[in-house]
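Okay, structure first, notes after.
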Amino acid sequence: MTQAIGLYSYWIVILLMMAGLYIMIARYNLVKKIIGLGLFQTSIFYLYITMGKVDGGTAPILVEDATLLYSNPVPHVLILTAIVVGVATSAVALALIVRIYESFDTIEEDEIKAIEAQEPDS
Amino acid sequence: MKLYPRQRHRVLQVVTKLVIPFVLMFGLYVQFHGDYGPGGGFQAGVIFASAFILHGLIFGLQQTRRVLSPGVLRVMMSLGVLLYAGTGAVTMLMGGNLLDYDVLAHDPLHGQHWGIFAVELGVGITVTGVMISLFYGFASKR
Amino acid sequence: MTEQLPALQILITMMAAPLCVLVRNARVSWAIALLANAFACWVAWQLLQQVQTTGVIRYALGGWAAPSGIEYYIDTMNAAVLLLVSGISTLSLLYAYKSVSKAVPMAKHYLFYSAWLLCVTGLMGIVITGDAFNVFVFLEVSSLATYMLISFGDDRRALTASFRYLVLGSVGASFILIGIGFLYAATGSLNMVDLAERIPDSESQRAVLVAFSFITIGVLIKAAVFPLHAWLPNAYTFAPIAVTAFLAGTATKVSLYVLLRFFFSIFGEAYSFGQLFLNTVLLPAAIAGFVLMSLVAIFQTDLRRMLAYSSVAQIGYIVAGFALASQAGLTAGIVHIVNHAMVKTALFMAVGCIIYRVGHAHRPSLDSLFKHMPFTCVAFIISGLGLIGVPLTVGFVSKFTLIGAAMERGWWILAGLVLISSLMAVVYVGRVVEVMLFRQSRQSGPESSGLSEAPVTMLIPMYVLVAMGLYFGINGSQTLSVAGEAARQLLGGF
Amino acid sequence: METLVAIVLLTFLAIVAVGIIVLRDLLGAVILLGLYSLIAAGAFVVMDAVDVAFTEAAVGSGISTILFLGALSFTKHEQKPRGNDSVMALIFVIVTGGLLIYGTLDMPHYGRADSPAQSHPDLAVRFIEVSGSEVGPPNIVTSVLASYRGYDTLGETLVVFAAGIAVLSLLGLKRRRPEEESPEDAPGDTPGVKPDDVQSQY
């Protein structure tokens, strides 16, 4: 059973990551891009956690039982940091979107480009 | 974000008032129990902030701002970072490397305990401040 | 005290950032920022001295020795880049005081300087650390601060420039995160020195290869190397000009440093360039970068945008130096990092002075500016000559070294193309100089009559950079010896 | 059993991801993203990452959904229909994904206890074996997060702080006075309503 999904779970996660990346670069809507970023990053977190899993292991919280097998805590720590970084990035991005909507009256990338193309540089 | 303070969600308001103390209590639990179970400064900060966000959603931002003014939030988010980095500075003054908590007490284990306590508190304060600020920022545009 | 210097390098600017938010006063926060930066600059200078006498410095954070904890790893290369970043930042801050007061509302100044401090802290944190994951964390600190700094620009397009940079930068950072994840899965380590030891023995060589390509692409995006430079021109054009001057000298340079660290120290020259033939990808990109972007720069009418494209071109030279993967090539690349930072920052400062007085940087309408702003124009011309690579300027030192390195490998075409793109630089700098010096004012309208020289606090940092450019141009052996030392250490691995 | 649960959750994630791609209604997509995070948090629990699951549930499906909703409440809710999707983007994504899958081919399999990551003597093994006596807290993640890699967490706090001041500078915390208010009307408002009226509505 374990062998069967030995790599399978990596692959599904990679597919999910690519879905997020695709939304980020192919969609014109700015909010949708950031949704794609969230999808992309959450899937990366999943990939990391997959790496730390040990079969038959338990959560890395020490208990008085020497025979217990623990899962690897290192990816957990890294991802805790990465989650925070991710939400910080989306917050800044969304604040920018709000301001962009205020000054351009649209959040579609191609329409913004069209408006910008009409403005001279200086 | 549109908030409707004047509408009569009396039930929601009463329930919210009942729930908020428990949310805050849970936040404190997560903050200080992070050594033993899942949790820590960051999660606690988010839970703390969620109590205020709930208050803002139900009673309107004006009311929440009376409880917690933006100036206080600014101080909170700076103080948290200063507390964390300051712990590092103190360990350096006491002869250790940056963030080497061993030197904080006579016994390294106690030092570690105090160090982790201080930095988790710093994280918690900053995260609470920033998360509520984010909510204020997005909610107060209109 | 001396053994705590590496920590002070980061800690002071880091603590100054929240302090700025606490005081909420424009002048005080500016003073705090300037003091903290000057201190960081002094520390970096001390570290450079120390590294050159005692060799590599390793500083275990939290007292946990290397692979378990995070460590600072400082050799000649990072010490030099640290000095560059903190130095440029200090000068730009001095410059920012007047320049920013026009662009940013007074009530937001404390946020501006706080973001600046965070940005510097992030950049220095990337450079000083010896831990792969820590690079990602501080990369994000500096990135978020940079997005914010760019959004302070007074044109509404600053917002979209910042947003596009955010999207591309996040893709880059996520790629780096994926790469580090694969490295961790393949070796179980995060420390750079430890990684370098474990990578050759790893049983997951394919994962290592993927990690290598993802980290490379991610960093190339952040460094704005040619086909991945899309975020840079708008960001540089619409950010407040002091920020542009600061970023042009530091942000891309730090990313290039990360590239060096991963290529040469962690994966090793034999792996990156021997086994993977990285130069077959990197060199064409670099060459296309400096030729095409120089060409594009010629047709720009806005000085800021012209210099931005020129920056992408100059990054091409640096990457070409790396791609040679030889002692001489690396030396050329590293020395050009330093030299270009000085020249480009001075140029953007000059443009900032023009914007401060004239209100725009539209080349065709800068007729006979020399009469009104002689000091600014002289600084622009000298730095412009440095950009072209005229003898006795820093640009000459690095281009001469680069051409020498190319010929050592027998790559005559590269040497020729460097010369050709330098000629293009002559054209785009020359057109500005021609307008400034020789073109007669079509009308002496009210617009140009009241012009005067830029404030002294803007001129001083600019002239410090111009003087340094001249000094290191005439006396090139100093920077070359430091760069040569850094290249030797890089090629030797950890 | 655990692996079975993991597979089921992965399938859920895939379905939600498809939903996010095809949905044009942004509000729906945001809610689905929150759901995605919640399912991922569930999967993290299955994979023993309780701290991560806690954070992902609080942040991914809590705070970040609120932020998205906040942003959406004064921008448009609908993504405009576009013609054909970009082929270049598709090719780029397929190449990237292919490269990643190639990289996993010789990766340690899921759940293996003897992989390099699990057996590094100075990281994973040391943290599990001696963090209790070296640092103290029973929760190893807390020990590593706050002590062994405390400097990373300092950086993380800085990132949060940076996001805070960025939103402060971009949006401000105070309600803007009517004359400062932007001229655009948000969707849902009656166009042409004077600022005073808007004020009195609330």
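Some points to look at:
Going in written order, the chains are labelled A, B, C and D, and every chain counts its residues from 1.
By definition in this document, a residue touches a chain if its C-beta (ideal position, glycine included) is under 8 Å from a C-beta of that chain, and two chains touch if they have at least 3 such contacts.
The structure presented is a predicted model; accordingly, all values stated were derived computationally and were not measured.
When chain centres are set by their Cα atoms, the one at the greatest distance from subunit D is C.
Averaging C-alpha coordinates per chain places the centre of subunit B 20 Å away from that of subunit D. Chain centres here are Cα averages; for subunit A and subunit B they lie 24 Å apart. Chain geometry summary: the mean Cα position of subunit A and that of subunit C are 28 Å apart.
If you average the Cα atoms of subunit B and of subunit C, the two centres end up 36 Å apart.
The multi-chain contact residues of subunit C, meaning those touching 2 or more other chains, are 14, 17-18, 21, 61-62, 133, 137, 140, 144, 147-148, 151, 178, 184-185, 190.
Multi-chain contact residues of subunit B (touching two or more other chains): 36-38, 42, 74, 77-78, 81, 85, 88, 98-99, 101, 134, 137-138, 141. Residues of subunit D found to touch two or more other chains are 50-51, 55, 59, 63, 67, 70-71, 74, 100, 104-105, 107-108, 115, 117-118, 123-124, 127, 138-139, 141, 145, 147, 149-156, 158-163, 165-168, 170-171. Taken pairwise by the contact criterion, the protein chains are fully connected, each one touching every other. Within the complex formed with subunit C, the residues of subunit A that make contact are 17, 21, 24-25, 30, 33, 37, 40-41, 44, 47-48, 51, 74-75, 78, 81-82, 85, 88-89, 92-93, 96-97, 99-100, 103-104, 112, 116, 119-122.
Note for the complex: subunit A touches subunit D at residues 1-3, 5-23, 25-29, 31-32, 34-36, 38-39, 42-43, 45-46, 49-63, 69-81, 83-92, 94-99, 101-102, 105-108.
Residues of subunit D touching subunit B in their complex: 50-51, 53-55, 58-59, 62-63, 66-67, 69-71, 73-74, 134-139, 141-143, 145-147, 150-151, 153-154, 156-158, 160-161, 163-165, 167-168, 170-176, 181, 186, 188, 198, 202. Note for the complex: subunit D touches subunit A at residues 3-4, 6-7, 10-11, 13-14, 17-18, 20-21, 26, 29-30, 33, 36-37, 40, 43-44, 47-52, 55-56, 59-60, 63-64, 67-68, 70-72, 74-76, 79-80, 82, 85-86, 89-90, 92-94, 96-97, 100-101, 104-105, 107-113, 115, 117-118, 123-124, 127-128, 131-132, 138-141, 144-145, 149, 152-153, 155-156, 159-160, 162-163, 166-167, 170-171, 182, 184.
Within the complex formed with subunit A, the subunit B residues making contact are 36-38, 42, 134, 137-138, 141.
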